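Shared between the two complexes below is subunit A, which pairs with subunit B and subunit C, respectively.
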Partner chain A sequence: MSAPVRTAPYRSQLPPARDGFGQLLHAEWTKLRTVPRWGLVLLSAMVVTVLVSVLAVSGSSVGGGGPAAPVGPDGNAVKDTMQLVHERLPGDGSITARVSGLKGLKAPRPDGGRAGGPPAVNTGKTPGWTKAGIIIKANTKSGSSYAAVVLTHGHGVRMQWDYTHDLAGSATRPDEDRWLRLVRKGDVLTGYESADGKDWRRVGSVRPAGLTGTVEAGVFTAAAPNTKVERAFGGTSIAEGPGRATAHFDELAVNGGEGGRRQATIGRPAARDTVPAVDLASGSFELRGSGDVGPLQTDTDITRQTLSGAMIGLIPLSALGVLFITAEYRRGMIRTTLTASPRRGRLLAAKAIVLGGVTFVAGLIGAVLSFQLGEPIMRRNGHKPPRWPELSLTDGPVLRAVIGTAALLAVISVLALALGALLRHTAAAITLIVVMLVLPQILISGLPLGAAHALMRATPLAGFAIQDAIARYDHAAAVCLPEEGCYPQGPWAGFAVLCVYAAAALGLAIWRLRRRDV
Partner chain B sequence: MRGTPPMQPSAAVRATAAMQALGTLRAVRAEWTKLRTVPGSWWLLVAVVALTVAAGGASAAAVTTEHCHPTPAACQEDTVKLSLTGVWVGQAAVAILGALAMSSEYGTGTIRAALTAVPWRGRLLTAKAVVVSALALTTGALGVLGSLLVGRLVLPGNGFTAEAGYPPLSLADGPTLRAAVGSMLYLGLIALLALGVAALVRDTAGAITVVLALLYVFPVLVSLVSSEKWRERLQEWGPASAGMAVQATRNLHSLPIGPWPGLGVLALYAAAALLAGGLTFRLRDA
Partner chain C sequence: MEATIEVQGLRKQFGQTVAVDDLSFTVIPGQVTGFVGPNGAGKSTTMRVLLGLDSADAGRALIGGRAYSALRRPLTQVGALLDAAAVHPSRRGRDHLLWLAHTHGLPTRRVDELLETVGLGSAGRRRAGGYSLGMRQRLGIAAALLGDPPVLLFDEPVNGLDPEGIRWIRGFLRALAREGRAVLVSSHLMSELEDSADHLVVIGRGRLVADTPVAELLAAASGDRVALRTSDRTRAMAVLAREGATVAANGKESLSVTGLPAERITALLAAGGVPFSEVSAHRATLEEAYMELTRDAVEFQATDTQASEPRAAASQASESQASEFRAATGDGDMR
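Coming up: the complex of A and B.
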């Protein structure tokens, strides 16, 4: 045996290969860009989104007249109806009272029981946000600034101010006695609660902007509306009517007050309530009230309505997502692709990034156009401030909904890509994604509320929650109806569900692609 | 024909007709062989039945008389329609079956072999239509009967009892029989619609997307559009929402379109798709 011949190892004469992730992205972008049909699909997705959005809003109208809602300190419509016993408080001071026996009463008929009007809604259950407590309010006009410490029927002691704000105190039951105190010092209001009137616990300190100069201090009772879910003709409907409640107050003392207590009805309650003839000055009386104090939850989300075309626009985009991978299998192109880029996980990641980026841009164009065209149409059809505040594309919630719609479409197309890679079958993958996203939209209108909410939480449809652009307040009793575009979870929670679906499908697809021959 | 004595003209015509019928029969048999020997087809057929029954059963199980006010009868729940909700899901699998029968031939290029064997294009399309609609009707029947059976078993437990005004589902009941037969025919028509669209589009992805959009977009639009007049129109014009009217057994007067006219709308869609598909199939090179 001769000694091994030492030769220089082989070195390719070619320049170093370009196999970075950037090149992979560029290759996928070239594939996507150079198929004319796919460009048409993207364009059609944008056109469909805008057209359907405009169609959806063009027939909109504002239902029901009714008295105009009062306007709160921030310029938005609010609910401000209550029964109040009050006296003037010119400067610093405090109000203390003990509240007990808070309970719901038989509901009055809406609009004061007009003949032929809607019937009263009785559920046999007192709504959780029925409340009684102490309040310092700028004046007795409906919609004026206030701060209050209240005992609620189902949510314990709360400190609430200026309609939209709410702080939790102790979890007192409505059948227990509770001492409440509100101290005014300068423009700071501090709420306290106590079980015995000696040992006080602070609930919170707030600074409502409108409470300056002489204000009114007193006690009030308000009742959250009664709502009842009913089924008829295969659909779910909600009956809502004013509630009515009563509470007993004693030990009422206003430090720094001018005296001369009066009773006042704030707003337009459905029932005229009076205090049984007792001396208000004694500070011990029963106060009945109907109507509620809090934000007015609007049922029409203008932003969501103007973006509704995305529900249809997702169909061509998911077809594109599926084709972006299944077309490679159909034409045998996948073998060339994997020869050029053997790392399969990276390949699918590159595809997802390119596809997601392109569909995001297409979705963003569609969403911005839909909003800009649809919003003026909604305004013309009667959706005007203060009930529906002015909106602009740069408002936080609107921006979240518009960009969220684009992100939603991008994530859906990535989910479609992952399903295409998993199933390797164009027809099955497209059908699966369309059935997953579109069918729940059809079924929720015919299913009972509980089942509809379950579908909206658990299916990828949950992602559409990101289109929510109206504030929903926990302390404003409202029923979340799917027909009104209400999603039971928050915008981000819903979007996260869709992202989990997409991530899981993509992970599974990468795992499958690695283990299987092409 | 070699070796046979010359025939009388009438006999010749008769023989040609018989041969044509035989040819169509052979084409049908060939199509059946094609479908039968692809494992995917069997999965699809299983999917039609399973999805229809499962989704129908889930819907029936989700609805109770709990929110009916004041009595369960006040809900006016259409228990037959509720049990047949699964057809909304099963139709997607039927649409794939119909579309693939045509588009997969273009995808793989076997359309050229198929047209060499059966050069009469009308005959080929007819054979495909016969096979897919027969399969859709058969699986549809299984799915519909299964759904009704599940509904019959599940619904009384949810408060839909005979005492409450909801007699157990039975095919002896006229409207129920109509809903069951109608749902079956509905699925058959969906298969034909998908076949026609696929003949027109010649591409699996395109055909499936168009058919699914036709089926599902109209009902979604109904929920988006707020104008009452347009809602009704969309329900009358949409192939799925109009066709599903055949499932209704209660409150027929409040339907935007009657049960049989509704199915007729879907039949018009299917006929138009088949006609357009057939014409382009005839006029274009494969």
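Coming up: the complex of A and C.
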């Protein structure tokens, strides 16, 4: 035992060290890649995602029956059925009319009322997108280009053109009178509305794709379909049948028209309504119509279906997120970690970034493979254009859905990491994340539509809205059914909800970690 | 940075349990400081507070004059081995050091260098789950040394080492101290620190029992007794007593002499023509010194299981018992 010797203080000969955020990221990456089991978890997440996706699309087929839908100016399937009173308009000009008394009628039976066919669907309510108004249309063929100013039953005055476009005018009630005017000048069509025929207010100016040369100008009535949805655990029954509506038109004047007004039925309505015998020339008559004008809202989102494996792929990735932090607690390694980087908030941030990056890459590989393998299967199963347009990975919505799926999985794994840091218990954290994401999926299939939509908006499940790759139109009057992959909000809005969950959980985890002894 | 550890008035409570109570001591560079106390005495808690893992309820725990959280590039300032089992079992030993090195941008060759230093060279390629406790201790020591820090904290590093390993670590700790580092080594067994510690900080129940150089402690425990073996007991006693020594007979041929150094005793006996076969200065072991030091505290612990405010320090045991007595008789508030 020697007596204490005072020597010169120790000086290290090592090159200077650095402990910046970059070093921390590098260290966390090293941690992640040096546990072989975690690599297997990542791999299994990719395999499961692709496998489940392919299995899901293999089971989805569509029958060939039914009449082919008309094709709109952009090549996509549309709905174009209405009752029209029209005359030719060879050049510039305008059409003006007053519409009043728009109301829904008892629904006709589908298939033109043939005996033995399906029964009529009556809901007792007139669908909001039932409409009557003035139109300038390229020709009387179903699917041709048009621009219209209409009074709707539930959405006021609108200007609509070429099926997919919709502009809001005043919020007029359907029992009020409204003067409507459409002015054609060159290829520009400008819509106006007025309460009294004197004071005109512009609704909008549009340039539809195919309104050149001689066109048809007239008034029309169309009725959005009646839809009844009944949902219970185990199944959804949805009954949809044609609607029928009537409206009164007067003060009809076509400026620059050739005269010789005729009545025409566009498309194939369920019921052939006749205009009561009135003098078409006088410009005052009742016009009944059934059938709808607008985009054909497809109920199958091919892109979403090919990516459905992500719902299962999220489970291994969540487990990885949880383990990335709970494994440190389990062995007490968190102490070593925190002595090397005492700034705890920074540490969790670095973990989140490394984990998010790795799971994003794994998710992206899984999503791209799923789409590339699944899309041809969907085509083989009968999903063909024009009802289901051609898709490519480079299309905007498809790209958003595919990259969004990877981002979705990355954010879910970060959420799992945060829950793991909060609970410090592997099984508890994995259970919680699975409950947060899987339980709502089960519930939404059985709850009433309103409650299901509320869940899809408010739970982390909302993030799956990012997989939406079909255009959804507010004015298309489709029922948004969860089982058809429809989310009640936009893709980004839904993804934002999930991000808020992850950010809040991570913030809370950092706050807790800073205050706790470890 | 000055390579010191300072603990001043440190207090740490977990719920109702006081783990560390008004603890103060200083560890200086250039020597190995043993941090001794029974299990549950507060050694690990003190180390966790020093490393910024637990927060102190009162007092300060500083390294080089700074709180751990204020240290820049902490691995280059302090190295710590807290729990050898704190490695992911499916990670290779080398990878464990590698991620730690990456937090400070240290080169990979530093990792390989240290694996050699602690004798894990080829075992570094194996998964840490298959390591023996001794190998994990070596891995933990390598981790503590990664940043080549001037201050080192080892919590029970000898645990689980085989005799060869114990010998290795003793030499290793001394070598680290000789380089001018401050080395704090905790143990619940005083004997483990025999031959390696220069200074001792002894705690019991969270309070300081002793803060003393090992040499002084041993001298105090040994006293200046000399054991003597002689065939002529009576004459030996007479010769030595005349020179002022206190002589006690232990057995038929053995005597215990106090008050004279061994060399003087040999000279006197030789001069007086007294036959003797052995003269040896008694030397206490560290363990004996420790037992001596904590005897009162241990007795106190045995009788005082219900104490509301545990005090283990020997010097305060009687005072504590007295105060409890006062409290029990109702005038405790008047203190």
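The rule is simple: the second predicted complex is superposed on the first by the 495 of 518 C-alpha atoms of A that agree within 3 Å, B and C clash if a C-alpha of one lies under 4 Å from a C-alpha of the other, contacts with A are read in each partner's own complex, and residues count from 1 in each chain.
Just so we're on the same page, a residue touches a chain if its C-beta (ideal position, glycine included) is under 8 Å from a C-beta of that chain, and two chains touch if they have at least 3 such contacts.
Keep in mind it's a predicted model, so treat the numbers as computed, not measured.
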Partner chain in contact with A:T236 - subunit B first, subunit C second, else both or neither: first
Contacts of A:T394 with subunit B and subunit C, given as first, second, both or neither: neither
Partner chain in contact with A:G446 - subunit B first, subunit C second, else both or neither: first
Contacts of A:T339 with subunit B and subunit C, given as first, second, both or neither: second
Touched partner set for A:G59, first subunit B, second subunit C, both or neither: first
Which superposed partner A:Q23 touches (first subunit B, second subunit C, both, neither): second
Which superposed partner A:A319 touches (first subunit B, second subunit C, both, neither): first
Which superposed partner A:K228 touches (first subunit B, second subunit C, both, neither): first
First (subunit B), second (subunit C), both or neither touched by A:V35: second
Contact footprint of subunit A on subunit C as seen in their complex: 2-3, 28-31, 48, 51-55, 68-69, 71-76, 78, 80, 82-83, 85-92, 95-96, 98-100, 102-107, 110, 143, 147-150, 178-181, 195, 198-199, 213-215, 218
Complex contact set, residues of subunit A against subunit C: 1-15, 17-20, 23-24, 26-28, 30-31, 34-37, 327, 331-333, 335-336, 338-343, 517-518
Residues of subunit A that touch subunit B when the two form their complex: 52, 55-56, 58-61, 228-234, 236, 308, 311-312, 315-316, 319, 322-323, 326, 330, 425-428, 430-431, 434-435, 438-439, 441-443, 445-451, 483
Complex contacts: residues of subunit B adjacent to subunit A: 40, 59, 62-64, 66-69, 74-78, 81-82, 85, 88-89, 92-93, 95-96, 99-100, 103, 107, 204-206, 208-209, 212-213, 216-217, 219-221, 223-227, 230, 251, 254
